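Before I ask anything, let me first share the structure, which is written out below as structure tokens.
Naming follows writing order (A, B, C, D, E and F), and every chain is counted from residue 1.
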């Protein structure tokens, strides 16, 4: 495993990510312009969706059912376990616990992509339908977490005689998650890819496939910078969240790998599923939480998701989940 | 040129609030608004934007009583939990009727 | 023809365009950042120009003369027919009729590109000098339409004793069209491509050629969103304009194909010329009309050009013009 | 610090009008201007920008009589056919001469 | 609603000066600021930005005495060598304490 | 040499640059959006760094020592000679002379890249470690020039009893240069490239290598526009600076080529080193000078660097330095 860890650290994606962090540690003000960051993420997500759609056309329904089932199960387990750990181990308030659950119950698409690339590099590519699973895991966790938060808050507010409609309706916010950039490009890409098939893909793959790894590298440079921006907040969050940001993904990652293997995924596929479960959303979850649970302190969830869990997964988590998957397979 | 006195309400807020606030402005009696993107720092720096410190600057020209209603609404609704500031200033406009909603 | 239509609908460009429209129908707020949209259009236009320039170097002067002639003829026919139909069939005012004439008298570069790609896919590639014809068709229609508008308005204003210089001089506005993005990149690209020749093109084609189809797909996703944004205006424009937005391109398309075939173009080339004639500008024409004919209601022309004619051409028009071209050829 | 009273004219307009308006500002006596991009909604939403709702916010500091001239010009020239608003407010500046054109 | 009178200081400056000016604002007593990007023209057009004419518009709400200090500082420090303008206007805010630094 | 000059003029990069200038001469308002310009420069610099890092891993320490030494020497010579010429030949004030020295003492990365491409095209590729030399040449010139400026100004201020800390500390400003975009991407890219090695490079080269020349072409189109924007300032600067902007690079270029050849570089490598010495910075130097020497008139330095020296090098300088290198080699 040490070998795999080391090989991972010297591959383009973790190196670019580390460069981004170092850039910030050196107090450089460099960062990618906002629209370039958006352009890269649009490109990566749409490429992922298209490719996934083309491959979905080849997959038998049977081979997907079990993996899809465990993915949805993970979408229920991860927010609940996060909420429980935050609330009863960490002794955080309801809103902060629910806010964190929304982040860890959802998924980070970039971490997913990094995991896919890792599996390709080590010669254990994941199943072609993995992007479909990604879309299944994006929103249930956020739904569940916000529902917990809303229920708990309403309980308290009603006790205090407050106005239960003061904040953004959960419904409205979930519409935003489901029609947000990630879902439009992923689900849209899947559908388009499915219909255009191989011949369509061959026409556009010089754009969407050849450039993918390089664009991902540039994107991770920026992610390193964004994560580096949050490093200063590490002091603010205390030792519990520091540990939480590493232990939680290990736990979710292990569960994900086990369920994946059990559902018949290849070692690469199980490791990617584990990575998804282990990852925390920092795109879809934050605005959703901000609008529905404004009392939740975003410093907690963003620091944990972006400055601890994300780097941990990119630098060490992915090879670890893969080792677990290999261990199970043999 | 004959000009009429109105209030300009400027609201600086986290970007997630933009759709909500602009919808509310209409409901509270504004006939329009203008939004500009900016960045800033104030007493806290919490917000969950992809890029922290980014915010929107919303301005609307309204009659004084509407201005009061907007400021009151914004304070009640957002001051506690969000990074939001709001301020009023006096402006003169030509077409008074443009900024006053038929009751 | 049904076959061709169906095959077209399942190819990358129409699918991406449809995804963009659906995105808006689902009330998603997703769209490409403005600068990314600009970047894609700059890339597409410059690539088109460069490639066209390289191929122009191989074309004999003789082979271009007749096609260029009919192209200019189309540049005169299309604004006049549009004006006449708007004014005397639709009973619109002078300004609205002239404004529409500027849009339908000019050309949509993206529609042109989509047509070129279609012809390639069906194995009937258009002549290499087509981008040259595109530049010939861009501005005459706008010139003519604005001139009609200016003459009519001045007649009225003089009758009323008004100030004839109140609005943007037609001259100033046409300078803007001729030095706008589309013309700079297309004409500039043609000249640069002509001079750099094959060896220069070989150096840069991995960038400008390999990525072209994928970038076009992403661009059409955004065009779908932009068109989708205007769908709400369909109710405002009434049944006449709805019909107009489909009948007018069919008419112009047929004339274009016939003239193209008559001028000796291949079926693919004639179909692309027909598509050009059928397409309506929504980049160069709108600001030009806005500045010179401000009384013209932009909702009419933009809805017709962008929300009716553009989707019609992408989804159905191009295969139809090609069928006509094939029918003529046999 | 000694300050002088001037007028700040703010014009919010469709982007196509920017070059025309800024040229006119100079002619009417402004010594400078600042433009910021924004988006907005008002009574109509007609304009023919690639992206509807995008507009420019032009501000210029001028002596009161120039402010009047500008507002009058803008109203006459643009209010009928374009999405444009203009408003005035009072500002204090340090270098009075900077905002006053030698006659 | 009860409102308090404060000064809004608006500074338009070359982009290179942004970090320096915003740091100074804090030191001079401002509790926050908002920055928006714009472009402009004035009496000179010297500045060494990659794209000339681009500048930043910094605004800060402060008590009158702080406003004076800021304007004085800006004039002394930057007016001679840089493209910078600064102006004051009156605004009303709700939470007066928010814009006043504990001494 | 006339042959080489002509061949250069008809290659993609100078043609695109010329198109940019012509665009402005025709009073077109077209330009690349700011973020697209940034994206292209980020891409080019990072690609340059990565490739350089991969190749650095192959270079022996011995082969680099002498070239690195002469590069640092050039970093000292060029600001001093620029200062001396400005001050004693051109009779400019201390600040203007020091400001100009910072520009001509540093280097233009795009000119460097154009030189590298030229050498590849003529079949005399430069050494793989050239990007390393580029990073060595970026900042010393700025350091030295600003130090001269600060010393001279302090002398004057002290004489006048002024406040010596009134302006940006040189230290603070140099931190900005060293952590600015160019250095982060170049040095960062070198380090990442070094560690990821061939296998990493193979994964990302379809993005960073295949697209390089095309992206460079688009970037030079914009550089032509930027330079064209400054052409109007040519009248303001007088005949001395016009001559300066051509003679200075010829002088520095010749010195650079001679020192490069002497340090054992191939003709291509010596010509690239000469180009670096000949080029003037217009990215890192301008803000550094603006902050530390605000009395220096940026119109002088930017016009010379951007509107004279940059076009001169792209269109004629590079082939000239190469001819010198060939002459020395034989």
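Keep in mind that, in the parts below, a residue touches a chain if its C-beta (ideal position, glycine included) is under 8 Å from a C-beta of that chain, and two chains touch if they have at least 3 such contacts.
Since the model is a prediction, treat every value here as computed from it, not as a measurement.
Shared contacts of subunit D and subunit E, meaning chains that touch the two of them, come down to B.
The minimal number of chain-to-chain contact steps leading from subunit A to subunit B is 1. Each chain gets a centre from the mean of its Cα atoms; the one farthest from the centre of subunit C is E. With each centre defined as the average position of its C-alpha atoms, the distance from subunit A to subunit D rounds to 47 Å. Chain centres here are Cα means. That of subunit D falls 41 Å from that of subunit F.
Residue positions 36-37, 89-90 of subunit B each touch two or more of the other chains. Looking at subunit F, residues 33-35, 39, 210-211 sit in touch with two or more other chains.
Chain pairs recorded as touching, per the definition above, are A-B, A-C, A-F, B-D, B-E, C-D, C-F, D-E, E-F. Residue ranges of subunit E in contact with subunit F, taken from their complex: 14, 16, 20, 46-52, 54, 77, 81-82. The residues of subunit F lying in touch with subunit E in their complex are 34, 37, 166, 168, 226, 229, 282-283, 286-287, 289-291, 294-295, 297-299, 301-302. Of all the residues in subunit F, the ones that touch subunit A in their complex are 33-35, 38-39, 42-43, 46, 175-176, 179-181, 184-185, 188, 191-192, 195-197, 200, 203-208, 210-211.
The touching residues of subunit E, when paired with subunit D in their complex, are 10, 12, 36-43, 55, 57, 68, 71-72, 75, 79, 85-90.
Every residue of subunit A that touches subunit F in the complex is listed here, in rising order: 10-12, 15-16, 19, 22-23, 26-30, 32-36, 39, 121, 210-215, 217-218, 221.
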